[in-house]
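Working notes for the structure below.
We call the chains A, B, C and D, going by the order they appear; numbering starts again at 1 in every chain.
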């Protein structure tokens, strides 16, 4: 039976009618034998217009509707909603852009009218082939997984918890707080880092919506937004956190003494230990590699020393499974290894430190209890700080690590505070101190008489040599003047790199990385915490170098994304204009599998066909165009629909 | 009153070769024309194609002898890419090719050409077909024929993937090695082949040579043409289908030329007539003198009898014996008796079977080293093989990337095109007197035509051999005044 | 009751399709017993005028192989259409135009000029070219008209069914014939073969990696061909993914890649374009120079992708101002 | 044209009232990655004198990589069309972002100019007895993400 196809022409006030003969257009359109009726309205998108449209649809009961008006990018959604309310499936409708792409761009009115006629004919041909599409919805889990308990991860976890979401916070270390836990003070206001962190970490530990999994790593992630299944490996710590009070009795008795990696091997620890005083959770762990017991000796000193029987040598690694709807990756950063650049002497000259090592030297909880001392326990006469080590250098890392200038100034300020007599040489190429407060901080540090700034050019040309007890730093400044500085200590500011876990996680989560290995954001400007995979978000330095406040902001943003996309009781609405693969037609040639940027096509080895996961599919149609047996089909952009348009356009 | 006779293999409309005979005012034959109303232009559309695809393109010239074109094209590629096939690859190609020659010759003798003799030229036409043969020799033998054909075609399928248009040929080798158990199967098939070829020669003895009428027919003048002959021979001047030099002998049997494939253009030229889509090859050094025979006419003949005429014998013992016996009976070499093509064909079938056996019994033939990869830049290549229906020439030129820039093909049957016209005209002259067109003309002309086993799929589009004929006798205005029609 | 009348006819074909029928061996006798053959030029002696004498539609089914290249092929095809209830396009040439359809890159003049004038073995000083009509001293000799273009059968007459393949494999022929005799036929226009692509049954599929990417393309003569591994994965052009299943991987069994003789699946209109799209999509290159390097390594895209199907493709032939 | 960049770019040209020749018709797809070479052939078969594909700039694809797939197909298809007698100038791919109204207009003008210079594409017709294939008046298709 013949379809009832209704055509509505909007003159858009005079926007369209002044350069298009609407009556002629209506006359010709209604003369098409495929068209049942044509109606003209002067402003369909107005409230009045929408009501008119709704009523007329109810009255005329067309099988298909064509609306010739403005660009679909403006009002396609508007009209779809109207049609739906009026009981016509919103996809049995085609919009014709006679404003932006005809009336407004064609100088001659007759030509414009002719072009519009053809455009309407195309739409009428096409719409006849449209199929009603029903929105699909699936239940979704609104809980979240947060990977990394640094500032970004903790912020995200806390916000989600506050909103009542269950959060699994996975941290590979025994402690939380990330790198910041190592800092004494933070720029630009020189607040005490631990005082700043402590309350947040405390909340994390005590919020019943947050399950903190320290000493843990994500092993496997399956599923998709709203329906992820995560496998987490929790390494045995051998100390029951519920029984332990953190009194510390156990580690004093431990006979083993080894380097403490938390202090970058500048201090020592026992085989049962907390990495630093005040680490949270304040529960020691046994380091299996070095514990005598696990080396076969029958030592039970720690167990004996514990009055709460918290130590359990039989503790085992566990594999935990968690179901979550969203995932936030905040795996932080590490530093470029300066020994790659021999001229800095790092690793060769004892008194050359990286910035993180130096943070520990300045920390109350660090190896020297916060005193600025060289390895020979003497205070240095002078300290040189060198910026841009391995960064802003095409041969290594081209980007600016964005925080070095500020922490270099912070170091100067701390030295001034603790050892005012020590001279500081700050060797820099440019100042990167954007945003509020930072320039002021630079200015105030400049006022200290003991600091000397040495302006050099990129790449950093500083050369460091051990001369007797002293170290000579030779570098040429921007005016070509050679400088020879004799120092007790040198602090390098190496480039910030994504943590090694990024590589592993990007494969587990199937999210893309940028050329430097940082997680790639969905859109540089508009989607800075999204990824190529729905339901997976990124925050903090795993996305790129940034300071604490920006990391926290991203953590909050990522939490907001999860909260907005996964709402309890609300189903996940799936895109209807997706691809589909006909299982009876697909021959499993596998051409399409690798083409999908969203990993939405999987192979059903049993049925021997490729299958589209419509939850993940975004409907770009790339696989459909590529399918050599045309077994794939784009809903609402089928090959036949497009053929019809093309043929009609050329009639 | 001048008459025109149109002999149309199944009417003009189906266009698979048409014979026009014009009579003079006395009603005697003035002139006969064989027209070929079809052309496909492979030589032209090969241009632009990658050379290595030619062995998959050119077989489509003919679905009856695709293996011939495939192997010939592959050999042209060896030359083009300047790469020597590995020893085993050569053997495998020749093995496959021998299986094909045996199968094709048998097909012709029993299904197509044979009926003339086995059932007999004078038998009613309705019986002169494969069913007639079966009736005469018995179902059991017919079964053998079908089975022999199938066994050979299975061998071609093993290598070529498909027997109709095989695909295995590559410059410097072949795409698939031979397994030991397949080798053993092939040995068995080859043994059947030898027995079966001998058996077929016996049938030929019994039903043909023991029958004086037939022998007279074979030796009779109506079917004689003293022409040049062309065929490929090995270094000992023995018949070879797969490789060797091309040898040409004069109507007296003297060696006229012996040339390498690459020199074919010095020896062969093609003449064009406006009334036929096929071309008429002739010996360049003698020249085109029209559709006439004799030492001064460049017209030459190819295919079984021609091959035996140019050679000094067969490379296998049993075939050699039959070779000698044949020329003895025909009164020496060269034999000009067109109908003797049938006999020569059986001698060749025996050779093909024997050669197949030799190759299959060579245990080195399962060596997996079947490819040499070409390394030099391609430029020009020529390949020649002996097709069941005569000498086949593929000649390609390419650019440096190996894209065909020019292709020239001289197809087996075409070599005989001029001779076929002459044989038909001669048969007609012998049988049409004073405008009287006897029933016998139909069979006799048909026999002349079929002796060559013309594969017009190659030159035109008909299948070889048995072409139902009708003769329309027309007056000057072309009105049909008499229809002779076999049904 | 009278046996159904059947006709076999060849147009611009090579005879391979007739051989395929003969290769049915004993089955052919079954068929012959069940039907009355009214036209089969290769094997039997019937005349076109006998066919002309039949009632329209009197022939139950005509199997026509070969493409249409001359006026007389066209004439007979149309005659058989008129006289037949069903017409089956038999084999790749009738179905798609076939390899001879590659002639559509050229035209009659180009073909004649080379074949009769330029060919190195031709000696033709007067530039004689075959003509549709020639006056010889005895009278007129005529030849059929040779078209510029090769057409698949369905561009000339209405076709009911297609038997694909060069040549169609015996099992498909038998199934088709039996279906026709039994009268249980699929929808008109159906290609009588499976409607999936060749990969479905290809033994080499198991070796194909899920992430198939083309880093470099090779030509068959340039490398040793791995007898187990997927050809595309070896960088060898294989039309299997864009080609209908049902041939039994004949070429692949001979360790040579598919060239598409079965044509595309029912959903695809242009086999070459579809294969092109698939191949280009999995090329491992994003920057223009790298893409061009890869695409240029395909020396004859049109010839390869339309190996059998140029006349049945959307454009059908090379667009050429010199043709009728 | 792809829906996200180029179609929006064309709209932007409209909003800015920039005029261009009327003999183009637009086929909108969500992404240039959806463009099946069959669409291009269908256009030429139906009588188009030129086909223009417009999509997001490399790296800006709304679907990440669709435009790269389009670029790969374009280069191979353009070579094949060359073999089929269709001049390079009749088939073009370019990148137009949502903000590049001027580039859109310039590209259309340029394309129309090129195709006009080449003249109408010779239409394929069969011998009269076979009826004719290929219809069409000079118009050209524009496709892609827009």
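Simple rule for what comes next: a residue touches a chain if its C-beta (ideal position, glycine included) is under 8 Å from a C-beta of that chain, and two chains touch if they have at least 3 such contacts.
In this text the structure is predicted, and so the values were computed from the model without any measurement.
Q: For chain A and chain C, which third chains touch each of them?
A: Under the touch definition, chain A and chain C have D as mutual neighbours.
Q: Setting chain C aside with everything else in place, what contact-connected groups do the chains form?
A: Apart from chain C, the chains cluster as A, D | B.
Q: Where the centre means the average of the CA atoms, what chain is farthest from chain D?
A: B
Q: Could you tell me between which two chains the number of C-beta pairs in contact is largest?
A: Ranked by contacting C-beta pairs, first place goes to B-C.
Q: What whole-number Å value describes the gap between the mean CA coordinates of chain A and chain B?
A: 75
Q: Please work out the Cα centroid separation of chain C and chain D, and write it as a whole number of Å.
A: Centre-to-centre distance between chain C and chain D: 31 Å.
Q: Between chain A and chain D, tell me the centre distance in angstrom, where each centre is the average of that chain's C-alpha atoms.
A: 37
Q: Cα centroid separation between chain B and chain D, in whole Å?
A: Computed value for the inter-centroid distance: 54 Å.
Q: Listing for chain B: what residues touch at least two other chains?
A: In chain B, residues 48 touch at least two other chains, as defined above.
Q: Quick check: what residues of chain D touch more than one other chain, meaning two or more?
A: Residues 36-38, 42, 65, 69, 73, 83 of chain D each touch two or more of the other chains.
Q: Please set out, as single numbers or ranges, the residues of chain A touching at least two other chains.
A: Answer for chain A, listing residues that touch two or more other chains: 595, 622, 625-626, 639, 643.
Q: Among line, ring, star, complete and other, which one matches the pattern of chain touches?
A: other
Q: Which pairs of chains touch each other?
A: A-C, A-D, B-C, C-D
Q: Spell out the part of chain C that touches chain A in their complex, as residue ranges.
A: 195-200, 205, 208-213, 240-242, 245, 264-265, 267-269, 274-275, 277-278, 281-282
Q: In the complex of these two chains, what residues of chain D are touching chain A?
A: 3, 7-8, 10-11, 13-15, 17-20, 22, 25-31, 33-39, 42-43, 46-48, 62-66, 69, 73, 105, 135-137, 139, 141
Q: Considering the complex alone, what residue numbers of chain C touch chain D?
A: Per the touch definition, chain C meets chain D at residues 68, 71, 74, 105, 147, 149, 151, 155-156, 268-270, 272-274, 276-277, 279-281, 283, 285-286, 288, 291-292, 294-296, 298, 300-303, 305, 313-321, 323-324.
Q: Report the residues of chain A in contact with chain C in the complex, numbered from low to high.
A: It is residues 585-591, 593-595, 603, 608, 622, 625-631, 639, 643 of chain A that touch chain C.
Q: Would you tell me which residues of chain A are touching chain D in their complex?
A: Chain A residues touching chain D: 71-73, 97, 99-108, 111-112, 114-115, 118-119, 122, 532, 577, 595, 597, 618-622, 624-626, 634, 637, 639, 642-643, 645-647, 649-651.
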